Amino acid sequence: MTQRRVGLWLIGALGGVCSTAVLGLSALSRKLTDTTSLVTASPLFDGVELDDFDTFVVGGHEIRKSSYVEAVRDLHQRSNVFSEAMIQACTPDLEKWTANVKPGTILGSGPTISKLADHPDVQRVATPREAVERIQADLRAFREANKLDQVVVANVTSTEPPKELSDAYTSIAKFRALLDTKDASIPASALYGWAALDLGISYINFTPSLGSSFPAAIQLAEERKASVSGKDGKTGETLMKTVLAPMFRHRNFKVLSWVGHNIFGNRDGVVLDDPVNKASKIQTKDQVVSSIVGYKPQTHVSIEYIQSLDDWKTAWNHIHYQGFLGTKMILQFIWQGCDSLLAAPLLLDIVRLTLLAQRRGESGVLKHLACFFKSPMGCDQHDFFEQMDMLAAYVAKVKG
Amino acid sequence: MTQRRVGLWLIGALGGVCSTAVLGLSALSRKLTDTTSLVTASPLFDGVELDDFDTFVVGGHEIRKSSYVEAVRDLHQRSNVFSEAMIQACTPDLEKWTANVKPGTILGSGPTISKLADHPDVQRVATPREAVERIQADLRAFREANKLDQVVVANVTSTEPPKELSDAYTSIAKFRALLDTKDASIPASALYGWAALDLGISYINFTPSLGSSFPAAIQLAEERKASVSGKDGKTGETLMKTVLAPMFRHRNFKVLSWVGHNIFGNRDGVVLDDPVNKASKIQTKDQVVSSIVGYKPQTHVSIEYIQSLDDWKTAWNHIHYQGFLGTKMILQFIWQGCDSLLAAPLLLDIVRLTLLAQRRGESGVLKHLACFFKSPMGCDQHDFFEQMDMLAAYVAKVKG
Amino acid sequence: MTQRRVGLWLIGALGGVCSTAVLGLSALSRKLTDTTSLVTASPLFDGVELDDFDTFVVGGHEIRKSSYVEAVRDLHQRSNVFSEAMIQACTPDLEKWTANVKPGTILGSGPTISKLADHPDVQRVATPREAVERIQADLRAFREANKLDQVVVANVTSTEPPKELSDAYTSIAKFRALLDTKDASIPASALYGWAALDLGISYINFTPSLGSSFPAAIQLAEERKASVSGKDGKTGETLMKTVLAPMFRHRNFKVLSWVGHNIFGNRDGVVLDDPVNKASKIQTKDQVVSSIVGYKPQTHVSIEYIQSLDDWKTAWNHIHYQGFLGTKMILQFIWQGCDSLLAAPLLLDIVRLTLLAQRRGESGVLKHLACFFKSPMGCDQHDFFEQMDMLAAYVAKVKG
Amino acid sequence: MTQRRVGLWLIGALGGVCSTAVLGLSALSRKLTDTTSLVTASPLFDGVELDDFDTFVVGGHEIRKSSYVEAVRDLHQRSNVFSEAMIQACTPDLEKWTANVKPGTILGSGPTISKLADHPDVQRVATPREAVERIQADLRAFREANKLDQVVVANVTSTEPPKELSDAYTSIAKFRALLDTKDASIPASALYGWAALDLGISYINFTPSLGSSFPAAIQLAEERKASVSGKDGKTGETLMKTVLAPMFRHRNFKVLSWVGHNIFGNRDGVVLDDPVNKASKIQTKDQVVSSIVGYKPQTHVSIEYIQSLDDWKTAWNHIHYQGFLGTKMILQFIWQGCDSLLAAPLLLDIVRLTLLAQRRGESGVLKHLACFFKSPMGCDQHDFFEQMDMLAAYVAKVKG
């Protein structure tokens, strides 16, 4: 019996999060690291059949010229993460997988992202349909060349500007028509999603961009027996908000104001320095507190690009709340986490659970993955512990 | 039909927490404040029949000479809490209830607490039994004079030194024999508990002291159809630990070290400045993280008396944890809360739930109150959200 | 011999800073408080003849309807400062001085400030000259009615939008001509300053607004034997920057980035929520670090209006710096100070030193007051300790 | 003309601070790093003739078996500092200098330090004099073998327990007699100092231990034309205290309490975990605030060994102060610095200035080095900026 082989196709393949995830896959396969920070490696999942780390083949799309070795070394040097020894030991895998990375499309990504695109072969196409077809050709070639049993696509590109959706996004037929419109300005994340789902490949949206979070895409997923999930990996400050806000609710404290200031200096930060792109991000970050406490305290979220911090996202949160007899009190926290290292294991968790879901015949929106996302699809629950209860209930069902 | 009347008997009646709770009862009765910070006033309890705030009559034991007006004015001035208007409006209740406060016993409280006792009539007795009988006489007189339908006793005294228990604490008969021993050195908190339970009055231990947390006392509670609960109200830093540690467990982070420094300057702080009394407190504070994450990170807890802070307990916590690929990250929080204002509503919550439980025929240890305590009796669960699930399950049962 | 009487005329007379300064003057006169936080009461000034606190008579201009008692009670209630007893004892002074407050002008204040003006008699004039003349009439009446030996004017209004200066601001003659121009849009702060200086009254600019910081005004001050000083009282975060940046310079650390987030909720905050007004403020806050360390680290300053904080300005600063062998390190501070209480004593210090300077025959820009200002006039030195050396040298000269 | 050669003899030669300083000397000589964090490389010293970094030869005493390469690699791996490339390039120097490190003495170091001594040839001697003579033999051999023009000795060992001084420490003659006493229990730091000074070699005490801070040693220094300086390099939290306390003094704020909690996990931390050794350290850290503000606020300093932090010393300081009209305000800071990297450049600064002083004929206590020490010898001034003024005055004198 041949070993099972699964493909992980990454959009934004050579960014910090993907490069870290890919180094992690290699290091885990080679037993150079332990499974700390992987939710799917926690005791909850004992006995659940998830794909082993050495089962994966990596490929993807990218609009910048680079390689996994270069990306990983860059993170090592600027953000002071990984060890020289680990990088060297994993270099063969990194080089092999770099060869699977193809030039991506920038159609509909907005000007700030497009400026980053320095790959000479970046896809410049006439219509959205053409972009979709070229993406599908790359996916098919990857699947065949590597004899893959199953493939999953994850969008880990920089945040696109917010998108007002027209009626064309409400049904498969209408969206297909839109694909032929030259000036359709469909976000790239939606094109990648459509391309994957149409091939029966599940699509994960790790970003706040549109992706497949519109009705037509969800219908397509169900039709093709694939799944979608998203949006925006819940890695740091927002995770904290969804952990602390439930405490304020349970204890019947009245949150007066919740201020969050985020500073960091990676490429994601450059993109978020564009106020248009930042708007998408702040939107997903700002709604969670009100949703959990059930009323609207004054909230403020800022994200600033501070170059010297590189990948170390630092967040200061100041929570002003009222206790008994009108007394105002304060809770502050300071989060100092390395963004790529926080995000990469979550990405691998979602990938493994997405592959499992498809094997189990589940399609459409994977609501039980809410705990992984800032803005979970198909679910209004932001309370992290309620979300974990949902995941635990799913796991119990899987175990039977 | 006459209105129901319930009695709240407070041990340490004129301390900061009790004085705040008592001012709160008065202010709530007079509609001068809202129910913020009362868990039993949150939507979870809609439809549960809990005693209204204007049903309560307050009395208690105290070893210092003071009054509610004096205690409340002292907090107002030194800690900058409450308003002049609220104090004035509630003064009639405060004066009426001060008249119900009787001199307490210092038998077995240790030298640091005994030094605080300046009441000329503080009970100086020959044997523990004599102390118990005098406490019971005060309780009976309170019940009769005020025509009370139900009474509950809460221990809110300063922390006693830790107590090594002999065999005499394991059964009702043996403990009764011990009560006649002159040099028995039974902690005062245990004497108060025994006195109350023996009269069929439920006993709440809001402190880390022994109280009724030994087998003989629990047997007595069951026999007398009364309940016990404790130990040590979970108000601030420990609440945060039991909120954050579950996040680290769920996300499979590896906590390397968890350091907590607490500073504050109220009377409780003077007592905790004695290393022997502090030992009891640190013990209940230090166990929760390991218990939740399932292994032993290095932990450190310090509590220091800093006079200028008065009742404003400030805690800095530094949590060092390991994420993916061995990367060390840091979460810090700073908690600035007013101790009496955090504790008082919890005390009222537990009081209301204890009265309810007895009316429902429940006796022995009230395990469903775990969420209110640093060191919950009859329950190893420290995860705040699991504890809230236990409380919610109880409430569902009550609602039928 | 009659007692000396000095007049303090406040522009923005009923704002938080002025109301606190006025309550302070009364409380100091009545020996109800000590001189903590007054630089001019520190040992450095022993033997320097400064005006006693009971020498002062207060008056001023204001565009809102209010009174000192109302303003002080508002701060007491919302920001939890002052004591009931102090307010009651000082009420006679507060009422007497409120009677000296006249309706101000909003000519040239910008739309956000103008919106706050609810005084029915707010000066609505046709030309700048008319505004100047009405201000002067009020000042003369104040001086005569109260038989004042000396008067000083301080601008403590909300921050105006930044102002691009034309050639008309470069000489007395040109500026006089401008005063007759109907659409001159001269900032109100400059009109008040001109009015005062023209009467030989020294003018203090406690705000970042234009005030008398232009050549024509400085010439007028010299001609009229009066002084000017400013701009923008250095009360909190900026004080910290000018204290810490010198440490980084002396130790030859390389500051990589310095991020400062400020949140607060007083009226000043409402005005600063207007991006145009905020621009003036951020400009004076942002230059100090580069000026001290001698190169340009990345800096970021934000100021956000968070209502629940009222007068409690909270600032988080994150300083990222490079040490030996390229190692990046971090210093963070959190400043929690009450804005009016920080600013008011500085205002009184500057007032006393301004009166002294005029008595000593000094005119023009008072450069030795640099330590009190975020953006000191006539001085490029931002290092707080160098500034204190300048003040100490001046005091030594005064002492002879 | 031959190039000048100077010898740096380090006691505790292979500890974190020394290893970092030595790597730094090599990296600076090889132009692999810049002079950031070296005070003597700041503009203040332009034109002062200090020894170039490539002039140094390193040797020293150590009680543990190790090497510079091992020590540096250990710091690299555990504390995530230095780069692989720098270590490799400097390895030839590190190996050459490791050969100059000789086994030290543990006579009088106390039990906690002695436990660390795993060097098989650690000096076990019968009398203090014997220890002194063996140290001197090592120093002479180092000077001759390397043809050194000048040598300086620096004590960078772990903190010894505090030492009550007898009359024997007050004169050269009495101390010489003590050296022959078998059970004299003279601290090792004093023996090293005596040995060096007796050879006319200046002695730097970078630790809070006794060193040469007693009258007999200072007399010997003057007699032998050598200098002494100390005690305890001012690297982090204490530096901050001496920077911030002057602000509180200048602004006439009243400091109510100043609490400092320090956590770190290097070898120094293991030694400081012994309460006896910790006492020396806390003593030098705790006096500075009172000394600067001129009165005694409540202060608290804790130092805890938290293994996971390795060399990253993290300090939280909570400063509670009173402002105008009795208002209490708070300043908090969090210092996250790498101890060895903070200390090493200061050590090199003091070494260069000590060599300069001897060449200029200065002997005895070098008071102008106060800014480098927590507990400066011969100087009561703790205000960092006053200390910098003293250094600047000295430099001005040197420049003539």
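When the chains are written out, they are named A, B, C and D in that same order, and each has its own residue count from 1.
The rule is simple: contacts are C-beta pairs under 8 Å (C-beta built on N, C-alpha and C of every residue); 3 or more make two chains touch, one makes a residue touch a chain.
Predicted, not measured: the structure shown is a model, and the values here were computed from it.
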(request) Write down the chain pair with more C-beta contact pairs when A-D is set against B-D. (result) B-D
(message) Same or different interface residues for subunit C and subunit D, judged by whether over half of the residue numbers are used by both?
(response) same
(message) Based only on mean CA positions, could you tell me how far subunit B sits from subunit D in angstrom?
(response) 49
(message) I'd like the Å distance between the centres of subunit C and subunit D, where a centre is the mean of that chain's Cα atoms.
(response) 45
(request) Provide the list of subunit C residues touching at least two other chains, using ranges where the numbers run on. (result) 80, 83, 330, 332, 334, 336
(request) Enumerate the contact residues on subunit C facing subunit D in the complex. (result) 20, 23-24, 27, 33, 35-39, 41-42, 81-83, 86, 239-240, 243-244, 246-247, 249-254, 322-327, 329-338, 341-342, 344-345, 371, 384-385, 388
(message) Looking at the complex, which residues from subunit A come into contact with subunit C?
(response) 80, 256-257, 259, 261, 263, 298, 300, 302, 304, 306-309, 314, 316, 318, 320, 328, 330, 332, 334, 336
(message) For the complex, give me every residue of subunit B touching subunit C.
(response) 77, 80, 83-84, 334
